[in-house]
Amino acid sequence: MNETLRIQIEQIAGAAWEQRSEHELWLQAPAVDVRAAAQALLAAEARLSTMTALALPNGETEVIYHWICGKQGLHIKTCTQGNHLPTITPITAAANWIEREIMDLYAVVFDGHPDPKPLLRPSKLTAGYYREPGGAAGKAARGEMV
Amino acid sequence: MSNGLIQGLAAYFLWPGLLAGALLGWLYLWLSRALIARMQRRFGPPFYQPFFDFVKLLGKRSMVPAGTAPLLYYGLPLAAVISITLALAVMPLPGGLNASFTGDLILVLYLMEMPAFCDILAGFASRSIYGQVGSSREAALILGYSLPFIAAVSALAIQADSFRMVDVLALPFGPVHVLAAAAFILAVPARLKSNPFSIPNAEQEIVAGPHVEYNGPALALFELAHGLEFVAVGALFSVLFIPRLPSAGLNLVLYLAAGLLLVLITSVLAAATARLQIHRAFRFYWTWGALAALGCVVLAALL
Amino acid sequence: MGLFSSILKLSRRRSPWVYVLNAGSCNGCDIEIGSLLSPRYDMEQIGALRQGSPKHADILLITGPLTLRSADAVRSIYAQIPEPKAVVAVGSCPATGNVFAGSPTVEDGVLHVVPVDVFVPGCPPRPQAILAGVQEAAHLLAEGKTGRWHKEKHHE
Amino acid sequence: MPFRIPIGPYHPALEEPYKLSIQSRGEIVEDVTIEVGFVHRGIELLAQRRNYIQDLVLVERVCGICSNIHTLTFCMAAEEIAGMQVPDRARFIRTIMAELERLHSHLLWAGIGSEDIGFQTMFMEIYALREQVMDVLEAISGNRVNYAMNCIGGVNRDITDPEGVLRAVRSIREGIQKTVIPIFTQNRTILGRTRGVGILTRDEAVTYGVVGPIARASGLAIDVRQDFPYAAYEDLGFQIVTQDSCDVTARVVVRALEMLESCRLIEKALLELPGGPIRPSELVTVVPPGETMMRVEAPRGEVVYYLKSDGSDTPARVKIRTPSDLNLPAIRAMARGQALGDMAIIQASVDPCCSCTDR
């Protein structure tokens, strides 16, 4: 990955990269403009690998955008505002299903998504049925043995 | 008087009609499945399989699809069986009726086309999109294979100067026979909807094609009609192309051999090919089929 | 009629046409059912055929734990199979939910939806076991003993 | 007259339930819409309720065809967070299992592809060959499907008879060279059905973000084994396979040649199989706090796992992204303007896996 792109994304995100391993860069950027970042990355021939959503204790959702640029993985962590985020589907078609899935499972709304139909969610369930804390803390919250 | 009626009934229901036709049809269907299985290094179904399939289907409770008239639903497969059996009954086969009349060849051609027409109507009547696509494919396929098929029959009729089957049968064997037989065989796999022409019933594309909504006894009748079609095509082949010998027993053997030969050819072809797309099948028949058709008709007219 | 009914009985046993329905399976059972068609297991030997339309089938093979979205399809496809018919639950999932038990997107078991005649356990079961299950279902069809779980439930 | 034909969710051409609604004019396809979610079992949710040992059993059942890849990726993610080194012998055994699984998956695909164009004899031939691969997998792991080979830090079972496996793999390679490759690259009926059909241009491949053989058949040289080498691929020297014709033939050829590459990798790994332990002496049940992203090349393309641990025996989040998630939507780009009769083989050429996509 070239240096100018790294700096460009850092500027958009307002944060600095953290190197986890030789090939993986992580960015903590709660206030990143995901659309501007997507446009810059796509212009540099990066591809969207996937997006991960995690339910936060305060009711918001952490969303990680996983990009691949050549042999470099780029992971941009951001946070929803009132469980809303702007969509990047019009910028890259690959985000279409990924965003629909997060809408189903975590009830995050991607504003401006062109086709916000449920992807996986059965009609009997309401959106957000994955919003259940995991790990040891999650066990306590679910009333299970820790 | 009544003697003729009894003979007619016997020809229709026993030999060479319904009973013999059904038994032979099941034999051919089994043989075809078993041959294909052996070519694929499998054992394949047991000998009695098509018979058991038929009886089992007869014993199922049938469900007439919503929106289809029951008369149409049961009438079409019944019409297919009745007409193809009639075609068998009037053919001058060894031990058969041999009630020859002018134009019987044309009648047989029409009767043999009936199962395909019934299929097409059944597909459209089923109100299933798969059935309708299957029907339109079958209709297109008929336009393809009819060309060499009808030309093969006509070439011999031209040469015999008669549309009576006994006259065609009496023709001395000649070069027209060879060319016409080739055109006839070209049309057989498509007539029997066997690979590479299994386009109207392509399972992976349109499930079961025209028969998709059919079940139970009505499906059993369609399966029976298919077996009878196998037999009728073999019978017509033997009438047209196999010279008659003085011994009735030998003629019978030849009749069976002709049928088995067609089963063998279609099975080998079916095992060795993938399914064609409808436009390729159509193009195949309108080039090679047309050439064979033209060839045998011109040759017949010249000789 | 006696002759016909005994031939019919034999025919039902020797001509089991199956329809395979994936109700949320991981594919494990489905590929083992697929192997049944292959030369090594060759299920055509016992007269079994895989049908593309439930209307042509006698036996419904169900794999998977029944996801919420497939439950209605299972009901509708079961209804489309003409009587007499049998149901074989292939694998541990339709019987118990297997590792998916407790998921909010999975039903509580296939018996709530359709009457099952034969259970073939395993994750996935071996092809031989599936074939034996099909044969057992064909036997039940011939004896007219299918749908017994359902009937028992109604008699309670 | 335009009409709509549904293929699926339950249809003989589909190995798994999903729905293609084809809008067609005569026999020409105008557009398709794709619906998934019929196999949605909530695996990610269940994974964060259960401990790491139970999760290995669970993620193995994301997909019955590429089960081994899922446990492998899960274990590799946990190992990365824990900073564990995997013994050399385990790395090689993992590679052998992954490539055997690719062989079985590609052969399965080739069989279904043959069936979809109505070539039953080819289906039988390929399935007979695939049984040999299943025999090898069973000889190594004890199971035909769901091998339970991987554990965090290594593998559960050793390959005790490398010579026997080597002989079997050589005979499989001969079978592939003698039957599969010639049929798929030379048979006229097959080429007639696949050449120029279902084009996915290089640009479309980039837009849809496709991975695996679909991307490589559209001229994109992406393969995790090359870009982010794991297990023993760096030691064995992996050769990428690509094609430029972007049609179904290209996808067929990529998979056919990949099978040969898999055989080569397995043979080399067996010959160079190092000695030593196959897993750590103690069972790993707890993973230290941390998060990571792990990529592995499954038969259908790149599998991605995101794993977050809070230091307990239960993962805080497991996110699974499977290759079909990206490949399935690309069917739309391939289908437009194609013949209706080709839709079965076009969708099959993607080798869609819905139990992966829906999870």
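Chains: A, B, C and D, in written order; residue numbering restarts at 1 for each.
By definition in this document, a contact is a pair of C-beta atoms (placed from the backbone, for glycine too) under 8 Å apart; a residue touches a chain by one contact, two chains touch by 3 or more.
These numbers come from a predicted model, not from an experiment.
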Higher number of C-beta pairs in contact (A-D or B-C) found for A-D
Find the geometric centre of each of subunit A and subunit D from their Cα atoms only, then give the gap between the two centres in Å, rounded to an integer. 25
Find the geometric centre of each of subunit B and subunit C from their Cα atoms only, then give the gap between the two centres in Å, rounded to an integer. 35
Distance between the centres, which are taken as Cα means, of subunit D and subunit B, whole angstrom: 45
Between subunit A and subunit C, what is the gap in Å from one C-alpha centre to the other? 42
Would you please write down the residue numbers of subunit A that are in contact with two or more other chains? 122, 129
Multi-chain contacts in subunit D: which residues touch at least two other chains? 11-12, 37, 40, 42, 45, 49, 124, 128, 358
Mark out which residues of subunit B touch at least two other chains, giving numbers and ranges. 40-42, 203-204, 207
Pairwise touch list, complete, is A-C, A-D, B-C, B-D, C-D
So, in the complex, the side of subunit C touching subunit B is made of residues 7-8, 10-12, 14-15, 17, 39, 42, 44-45, 47, 51-53, 55-56, 58, 80, 82-84
Of subunit D, residues touching subunit A in the complex: 36-37, 40, 42, 44-45, 47-49, 80, 206-209, 227-228, 292-293, 295, 302, 304, 306, 308-319, 321, 325-326, 328-329, 358
Flag every residue of subunit A that touches subunit C in the complex, lowest number first. 122-125, 129
Quick check: in the complex, which residue numbers of subunit B touch subunit D? 36, 39-42, 129-130, 133, 195-196, 198-199, 202-205, 207, 271-280
Which residues of subunit B touch subunit C in their complex? 33, 37, 40-46, 48-49, 51-56, 58-63, 203-204, 207-208, 211-216, 219
